[in-house]
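The following pair of complexes shares a single chain, chain A, combined with chain B in the former and chain C in the latter.
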Partner chain A sequence: MINIQDIRDTARDMLAKGEVRAVIGWRAGSRGMPAEPAVITAPEQADELVWDPTCYHNLALHLVEDRKFLAHARKTSGAPIAIVAKGCDARAVVVLMQENYFKREDVYIIGVSCEGSGVLAEWKLARHLNGAVPTAAAFAGDEFTFATAAGEKRVPARDVMADRCLECRSPFPKEHNVALGEDKTGRDLAAPFAALARFETRSEGERWEFWQRQFERCIRCFACRSVCPMCYCEECVVDSINIAVAPDTTAEEKANRIRWIERSATRSENITYHMTRAMHLAGRCVDCGECERVCPVNIPLRLLNNKMEREARERFGYEPGASIGGPSLVASFRDDDPGDFIR
Partner chain B sequence: MSEQQAYEPKIVAFLCKWCSSAGSDLAGVSRIQYPANATPITVPCSGSVSPMYILSAFNKGADGVLVSGCHIGDCHYMEGNFLARRKIHLVKELLQFIGVEENRFRMSWVSAAEGAKYAEVVKEFVEDLRPLGPQEKLKAQRT
Partner chain C sequence: MSMEKILDKERLSDWIAALAKSGMEVNAPALEDGVWTYKPVDGAVRMDHPNTKQPPKGFAFPQREVFFSFEQIKGEAPRLKQVLPESPQRVVFGVRPCDGRGAVRMDRVFGNQVDDPYYQARRKNVAYVGLACNTAPAPTCFCKSVGGSPVSTDGLDVLLTDLGDKYFAQAVTKTGEALMAAADKLFAKASPADKKSVGKVHADALAQPQRAVKDAEAAPAKLKAAFNSPLWEELARACIGCGICTFLCPTCHCFDINDEVTGSTPMKGSRVRTWDNCQFPDFTMHSSGHNPRENTAARLRQRVCHKFQYFHENFGMLQCTGCGRCVSECPVGIDIVAVVNKVAEHVG
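The block that comes next holds the complex of A and B.
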């Protein structure tokens, strides 16, 4: 187990010495049990930081936001910014650095290992609590204890852990400046891509039936895009407004702008949107599972991204977030890439 | 299309400027007979075919999409078709994953000298598409 005090001490130290200008971490949330992301800038705030299995958020997103803020304010970063990072968060940071979104020296990674555990899935927990709202939680070993209005409830950790954490292959942040907790890579919880393998046993018709139902529900709230640290484009191709309108832009030019995808939430447009997103995340998605968690209509988006991830891994030997210096998946090739599908 | 007219598959063919496009030209000037179902769109390189092109073609009503480029090693830009091979593989896997029929999407290598092969590729594609019927899965439902 990681001692929370270690995280706080590290953050306080760094801030006091002025080595970082802020620390991105988690603090106790304002809606009961779950933690919430926090950016602390003063040493005395360090005691607010927490670390437990309700730290769902991928904090790399806030690094991206910081970067965008600086760019819009036309400021240089100065001192680096520190981030408390789980295994998946750290992978996301690596991908961002691989894409030169920021430099290694701009970020100070306080790695926290998930060890034998991971984060909760609230929908799984809700099933165990019969609708009661947990107000507090205690996490120890293989059992989680939740306090609700109806009394205490003990639940085995594996029953309420998020699928992404059960299937996680690297719960330890390999890229770090300082790492807390034990490296338990290779822990045996569930086979990687287990859910994907189960899904792929379905026939073509069944797969289409499934996805059609899923995509019909999409309301195009773009929560998946907003929460994704990899979706950092200033202008998104699916917004269909990406035309620079100047005083001399003619009506014809505006009318004839390319609209790859319409904004209406119909099945065909939703499919095109999600497929485009899956393609744009191929070789970049670190399987933090945030898109699936925030989806208000529960579309299993991890399946799509997992498919791309496994394809990249098995066919091209590519692992997202493995190295900062390496080439990206679709900007590189090997002579022996599979080509037997080509006529 | 009226009820009486037989279904003819519409194919959008993204052909690379240096090989496949010239190959399709050769098929034409050699007077090779092949189905007229493919609408060719010349692109600079098969590597320049974005997944968006393919999805967009299906979205706008294509029954099948063909991407064709130079043989491996013959790319005018040295490595464009290597990149295409990887990217298109992912698109193909993704389309099949969500349940789009395998035969709706195809990739081929056709050189500028292979007019006969281009005709063959299109012919086979049309034959494979015919039993599948119109593509409704990704087509925009505009009322």
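The block that comes next holds the complex of A and C.
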């Protein structure tokens, strides 16, 4: 069981000694729960940090934001930045380092084990609380506890845990500078790719119909892209700034810029956007499931990324986020790679 | 004296059926994919929704609409054809008071100095049948502190109040009276006891505690004073730059206009208006490449100041109606109530 004081002490100590310039962690949200990402820079802020089942966010995203901020401000990083990382967050950091987005020594990883548990799916919780509004959540072994106006409620964790956590293959942050909590990797909650396997029992026609309907519902708020640590491109294919504008760029050139995907949130444009994103995440997505969590209209985006992940695993034995020094899926080649798809 | 009647809950579906039969498109909240969404209905509906994920603003201001189509045969002048929406007569049931107040604000934007013909063509055919809030507010609700109320009739044509086994129906506009008159025999006269009950339900609803923007009246001046504050950077630190807060807002109305080319011989396509979003990096990107709102801090400031300062300067009312969607749906917990309060406190 992780003691929150250990996280706070580690953060406070490192900030006080100047070993890191900031610590990215979670603090309580303005409504109590869920927690929210926090970037703290002073030792006295360490007591704000929390660790509970609402620490959903993949904080690797904020490492990316930090690096972009430094690049835009033309600053060098100086001391490393620390990140409190769950298993999935740490895998994302590994992929980013594998892609040379930043160097290992620039990041100090305070690993936190989910200890055989995981984070909450709020939509599942609603069914257990009979209308009571939770204001705080806590880990309690195989259960989560919730503070409500009607007193404390205890719910079996596996009943309200996010699917991504039920199916997680590596809930312990293997890559770390310091790790807190026990490594309970060999847990038995749900089979890997279970949701995908259930979905694939449907016929091709049913699946196509399903996805057409889902993409019809997309409002193109781009929360899935914005929340993804792997979507770090300075210019995204969907943005209308997808043209390098120089002082001598003519109005004609601006008007005739290539737009791969129109602004209109119509089915065909939405499909192109989501397919492009899924392809760009092949071999990179670490299944943190944030895209699915944040989607305001509940499009089950994990299914798409899981499909790519399973293909990579089954065909190439590839596991994203496993090693910093290892080859990446799309930038490596082996003589025994399957080639039966080339016709 | 406005028209006030009683409708047995069992008769609600008959009213909807009568309106649908008269040729209207009737919409009501339905739970689909775990999301409360307005859907066309022709009879039975659920009216136990907290609030819909998206406000009803799309009925008058859809996310995409065509202004005109164009075609040009090489060597000839381009031919343009305006496409004004042929909007059906619509009625939307179950609109919460915060969203009714949202419609009031959208009407000001698209019908103030210049009538937007596309908006107006849809808006004149939409009627809103509201549903007063009479249960405990969501933790993200703050309508009372921005001048609204859980029982406000602003922007609505009819307000329904749940009285257990019946609704108290109050026509707010002539359109609302006509909607009720269209199924006159379904409604009963409201007795003095009914009027007393509805008064109590409304008073109870108003007494429910909510989170609050502290002294919202003072917010415009405080925000103005805080324009250059370094606080914005801190408040936006977690912002990921997605568009949830504004796309789900009942009063966000910024749009983009693009030409979508669908063929080259002859060259043809259409000019379309789509929702735009001040949280996107290309929102105010100039063609030079310069962007006056180049980071999340400047964009968060734009969103908050538009709601609580600029709109107030332009129209004499706060733009925010306190529905709380931007708070409950933000992936990283950015909370407009906390932001306004912190800025106000900072300015002092």
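Convention: the second predicted complex is superposed on the first by the 330 of 343 C-alpha atoms of A that agree within 3 Å, B and C clash if a C-alpha of one lies under 4 Å from a C-alpha of the other, contacts with A are read in each partner's own complex, and residues count from 1 in each chain.
Rule of thumb we're sticking to: a residue touches a chain if its C-beta (ideal position, glycine included) is under 8 Å from a C-beta of that chain, and two chains touch if they have at least 3 such contacts.
Just so it is clear, the structure is predicted and the values come from calculations on it, not from any experiment.
*Asks:* After lining both complexes up on chain A, report clash or fit for chain B versus chain C.
*Replies:* Superposition result for chain B and chain C: fit.
*Asks:* Have a look at where A:278 lands relative to chain B and chain C in the superposition and call it first, second, both or neither.
*Replies:* Only chain B; A:278 stays clear of chain C.
*Asks:* Of the two partner chains, chain B (first) and chain C (second), which one does A:62 touch, if any: first, second, both, or neither?
*Replies:* After superposition on chain A, A:62 lies in contact with chain C alone.
*Asks:* Given the touch rule stated above, what does A:146 touch, chain B (first), chain C (second), both, or neither?
*Replies:* Neither partner.
*Asks:* For A:266 in the superposed arrangement: first (chain B), second (chain C), both or neither?
*Replies:* A:266 sits against chain B and chain C alike.
*Asks:* Which of the two partners, first being chain B and second being chain C, lies in contact with A:254: first, second, both, or neither?
*Replies:* A:254 contacts chain C only, not chain B.
*Asks:* Could you say whether A:343 touches chain B, chain C, both of them, or neither, answering first, second, both or neither?
*Replies:* A:343: touches chain B, not chain C.
*Asks:* With both complexes superposed on chain A, which partner does A:331 reach: first (chain B), second (chain C), both or neither?
*Replies:* first
*Asks:* When the two structures are overlaid on chain A, which partner does A:108 contact: first (chain B), second (chain C), both, or neither?
*Replies:* Once the two structures are laid over each other on A, A:108 reaches no partner at all.
*Asks:* Just chain B (first), just chain C (second), both, or neither: which does A:172 touch?
*Replies:* neither
*Asks:* Angle at chain A between chain B and chain C: what is it in degrees to the nearest 10, using CA centres?
*Replies:* For this superposition the angle at chain A equals 90 degrees.
*Asks:* Between chain B and chain C, what minimal C-alpha to C-alpha distance in angstrom results from the superposition?
*Replies:* Closest C-alpha pair between chain B and chain C: 6 Å.
*Asks:* Pick out the shared contact residues on chain A: the ones touching chain B in one complex and chain C in the other.
*Replies:* Touching chain B in the first complex and chain C in the second, residues 262, 266 of chain A appear in both lists.
*Asks:* State the interface residues of chain A toward chain C in the complex, per the touch definition above.
*Replies:* Per the touch definition, chain A meets chain C at residues 29-31, 34-39, 57, 61-62, 65, 69, 72, 123, 133, 135, 217, 219-223, 225-227, 239-241, 245-247, 249, 251, 254, 259, 262-266, 290, 293-294, 296-298.
*Asks:* Please give the residue numbers of chain A that touch chain B in the complex, ascending.
*Replies:* Residues in contact with chain B: 200, 204-212, 237, 260-262, 266-269, 271-272, 275-276, 278-279, 282, 304, 307-308, 311-312, 315-316, 329-333, 335, 337-339, 341-343.
*Asks:* Contact residues on chain B for chain A in the complex?
*Replies:* Residue list for chain B touching chain A: 51-52, 55-56, 59, 72, 79, 82-83, 85-87, 89-102, 106-109, 121, 124, 137-141.
*Asks:* Applying the document's contact rule, which stretches of chain C touch chain A when the two form their complex?
*Replies:* Within the complex, chain C contacts chain A at residues 33-35, 53-54, 63-64, 136, 138-140, 211, 237-238, 240-244, 247-248, 256, 258, 260, 272, 274, 277, 280-282, 285, 287-289, 295, 327, 329, 331-335, 337-338.
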